[in-house]
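To keep things simple, chains are lettered A, B, C and D as they appear, and every chain counts its residues starting from 1.
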Amino acid sequence: MKEQRHSDFQTPPGTLTYNPTELLICTAARLMPDNTTAFIGTGIPMLAASLAQKMHAPNLVTVFEFGGTGAILEKLPLAVGGECTFHRAVAASGICDIVETAQRGFIEYGFLGGAQIDPYGNLNSTVIGDYCQPKVRLPGSGGANDVGSHCWQTIAIMRQDKRRFVEKVDFVTTPGYLSGPGAREAAGLPPGTGPYRVVTNLAVLGYHAESKRMVLLATQPGIPIEQVFANTGFELLVAEVVEENSPPTAKELQILREEVDRDHLYI
Amino acid sequence: MEVIQSGIGELIQPPDVNAFREWNRAKPKALIDKRMTEAEAVSRFIRDGDYIGTELYGTVRCPMSLINEIVRQGITDLRVAGQGVFELDMLLADGRVKALDVTYIGLEVYGVSNCLRREVESGRVETCVEWSNAAIAWRFKAAAMGVPFIPVRSMLGTDTLKYSAAKVVKCPYTGDPICLLPALILDVGLIHVHRADIYGNAQIDGISGFAAEMARASKRLIISAEEVVSNEEFRCHPDRTIIPYYLVDAVVEAPFGSHPGEMCYVYVRDEAQIREWVEASKEIETAQAYLDKYIYGVSNHQEYLEMIGQEQLDNLNRMAKRETDERTTP
Amino acid sequence: MKEQRHSDFQTPPGTLTYNPTELLICTAARLMPDNTTAFIGTGIPMLAASLAQKMHAPNLVTVFEFGGTGAILEKLPLAVGGECTFHRAVAASGICDIVETAQRGFIEYGFLGGAQIDPYGNLNSTVIGDYCQPKVRLPGSGGANDVGSHCWQTIAIMRQDKRRFVEKVDFVTTPGYLSGPGAREAAGLPPGTGPYRVVTNLAVLGYHAESKRMVLLATQPGIPIEQVFANTGFELLVAEVVEENSPPTAKELQILREEVDRDHLYI
Amino acid sequence: MEVIQSGIGELIQPPDVNAFREWNRAKPKALIDKRMTEAEAVSRFIRDGDYIGTELYGTVRCPMSLINEIVRQGITDLRVAGQGVFELDMLLADGRVKALDVTYIGLEVYGVSNCLRREVESGRVETCVEWSNAAIAWRFKAAAMGVPFIPVRSMLGTDTLKYSAAKVVKCPYTGDPICLLPALILDVGLIHVHRADIYGNAQIDGISGFAAEMARASKRLIISAEEVVSNEEFRCHPDRTIIPYYLVDAVVEAPFGSHPGEMCYVYVRDEAQIREWVEASKEIETAQAYLDKYIYGVSNHQEYLEMIGQEQLDNLNRMAKRETDERTTP
């Protein structure tokens, strides 16, 4: 296994094909440094963490809400409490211990999803429409609010379109920068925490240091900036230099397809 | 210590820690054989309108045989702590839920719960109050401590807090705003474990989710266990006891009690069965047909397992065994 | 072992000799019913619990502060966290779990000691003299305040004299009925809790249902009531009928000396 | 939620949960070999004036080899969470303690601590603040949760509360008075365990006292272990890990590290040695002579054990073995 671990991302010779899910996974994986802690949910973050462990971050410390710390991600859990989430882990405890560990400041990265996101990174996974007369009742916060409250840096992974990237979310399930600079601290959330990145099928976005509004940092391979704007329902800031992400490498795709998700449960 | 904000959600179950003390005082402390069937446990200890909770999570170490029995016995108007997947879907599908403290109700990788959508969007679930996952677990923790609230730094600044029954106060030590969650004391807790003795002492392998907290937050506690073992197992290894017997009212021996969910080191989840429900749950009629077949169509858990079939169960065992071997031989 | 368990206390033929410690142990043991929970410290309560288990209360559930629940008291611990406190126990957890179990109302009896006690059962184990200029610095609350706050009924075990039984304790380490009726509830302590008995070398005392002041219930064998008064530094109420305790039985003494404390660590 | 009463005791260590978060963020999360000697662990991680705490309790699973090294290195002006027996007596005997959050400091069956008396009655311990045993453990629990306080129903109505730094507030849910304890964050925690790996993952057998809470409440954490075992032990049984490696700064292999106290299932307490201290501690001179012989007279824990003698250590092992056999064969 050792020889398959890389710390660099090489662009393969020739053109590779990959689907949007594979792109999201590879992009998210690259954001996970070695020897850090990451609060992982099921789905794409899980696949990204597994890929990162097999590429550049063999000692990425995965933390799962219901008790797993430091699992080796050999198989993909379909549930956030499944055996895979504490397989060969250093500790298997419970939800209070895990979220309190985050509350104590031990968890660097947290991964989030949602049905809607606003310019300040606030996320909605509770209802579409009016809360009391919901058009769609979504699952609710789950661990998202906890991750968004306690992790130092959160990374949202979403598909990007105008229904999802909105000026105002219908319900703030999970705190981003709330109403803007200073709002998290004023609300009592731990200082220095907040949204860090949004990974989408079109782009990677960050947040402006002062205004805390969303900033376009990089486009996904082959995506023109205009397409990102056209799929964003609010005014998007733009970094001085907008990078274009390198596409998934042959190595990344091979590991993803042959090791991470060999049963093709997700990809 | 002024109250800065109060959530507008209903406090479905008020944190009456003094009444809880009186209740706990009256529970028997003697070593009594508490074994019984799902049918007896449910009929003796769960009533219409009760506030119930299940641990761990729909497809992982979840007391499915007890949930199925609740549906079968027609218990209704339930108030529920809603951190759930498969188990809450059964109750919602059959319209048994009146009020929800909801954190997450969905099908994880398979998306939103259509049962939740139908019941909430139609107003048949009359009351929804919002919380985070940890908030629900912490509310159990407060009850387990015997105190009326617990301070946390989740939920602050959000609509999740606004539509909860939490309060924000100014911390008298730091001066910063902090969220207080009210203790959540259950009328009935339902927990599935790896093994228990006849008195109710219980062990869990792997992650323990929120079992320790919920067991201690329940007025009545029904344990289902993959295996009932001798009391000696506990006396030799008292540090493995996560639930002591005096908390427990009923011990139900339920092999594959978490099916179609998984039980770590014992059996993996039954993906085919789960997918069958995911499909069935999409429409009222097909969901009802599923219930008719797998719950109403059998008279107990044993018959349910016979319908699933020994071959499939053996298969789920075997796959878990393989995981366990990989665990110990890297 | 079974044939040595009695549920009645027989007076032996002839006169037995026993020392004051043995008397305290036997008197306390008789107060522990079978199938109840009792919060046990080291020393006399521990010996009494062991004796009770071997006499009339084989299923007395002992609870020790640092984590032992339901130990079979085969040996005597010299420390409140020793192996004997969870020997063949049903559970071995930790101090938070144990005291929270008491806080939730699960522990019926709690045993206490102290350097001073007042008419309301308030106990001092912190200082003799002024707190800021102490004549004697005592060990402090330890678990006593927790036991006195959360257990339904507390039993103090003390030697009785005017230095110890005082009108006002120098320091209220552990709450009795505080300043009298209603004071515990007003302070926020759980309703229905409070001092139940005081076992001394001279007497067994209780508390008046309304006034919550100490009441003489029974004298120890051969002790005249006057001797109890002479060794009490405050006005003592007296029950309508003051019983005389029966002395330790031959069976009790035999079990105490040959099984409970066969190495004579305490007696 | 009004503050009804504030204890007049000094808040020796304020509950700065935000600074604690920053500290924890900076701790390395990599798997690093943290093995070192007592001498190295103490000199690298403990400084004059630090606020320290030990777990469990003076004569039971107590980090005596670390305490002896603190004395040997002359670390002083310590502020200490004082739930202790033998270990705090050593520090008090040598005048190393400046401030005490005190719950119980005594010799259990052997009565009051003469060292405590001398140091407090003379005013050499400048600050004493009162708490109950559970209050100290709960203060660690609050820190372990990462919140500035925790509500409890201990201490209410007493002088223990008056001379503490606790506060009484009106509960915003029940209206009843309730006690709030400030979180206690240690500069250094010292915990002795049955086994650890080289990274700091640790297991404890039997009761766990307040190890889980204190480990999580410590900015720097020194673990001493009877035995250092392979990481594989932990990966195969992750549910036995009570202290995960990332909390730990130093792992010290210390067989008989709790001597003269006991270590359940491994060795019993050394009653002769304890009595020797009980006698010696009565006067300053004899106490100092004891320290001269057993701490200053040896250069490390190994030499200390040699002074105790292999025969005696074997004997203590044998007696514990007998207890263990009795445990499993009733």
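The rule is simple: a residue touches a chain if its C-beta (ideal position, glycine included) is under 8 Å from a C-beta of that chain, and two chains touch if they have at least 3 such contacts.
Keep in mind that this is a model prediction, so the values were computed, not measured.
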Chain whose average C-alpha position is farthest from chain A's own: C
CA centroid of chain B to CA centroid of chain D, Å: 36
Centroid spacing, where centroids are CA-atom means, of chain A and chain D in whole angstrom: 40
Distance between the centres, which are taken as Cα means, of chain B and chain A, whole angstrom: 28
Chain A, residues touching no fewer than two other chains: 68, 86, 88, 92-93, 96, 103, 150, 190
Of all residues in chain B, the ones touching two or more other chains: 17-18, 145-147, 152-153, 176, 178, 206-208, 235-236, 238-239, 327, 330
Contact graph of the chains (line, ring, star, complete, other): other
Parts of chain D lying in touch with chain A, wherever the complex brings them together: 17-18, 20-25, 27-31, 144-147, 199, 201, 216, 231, 234-236, 238-239, 241, 244-246
Contacting residues of chain A [partner chain B, same complex]: 42-43, 64-68, 74-75, 78-83, 85-88, 92-96, 99, 103, 122, 126, 131, 134-146, 149-150, 171-175, 178, 183-184, 186-190, 265-266
Chain C - residues contacting chain B, complex: 34-37, 59, 61, 68-70, 72, 86, 88-93, 96, 100-101, 103-106, 108, 150, 152, 190-192
Chain B residues touching chain A - in the complex, by the definition given at the top: 56-61, 82-83, 85, 102-106, 108-109, 112-113, 116-117, 120-121, 130-135, 137-138, 141, 152-160, 163, 168, 176-179, 206-213, 261-262, 264-265, 268-269, 271, 320, 323, 326-327, 330
Contact footprint of chain D on chain B as seen in their complex: 1-3, 11, 14-18, 145-153, 167, 169, 171-174, 176, 178, 180, 182-183, 204-208, 232, 235-236, 238-239, 327-328, 330
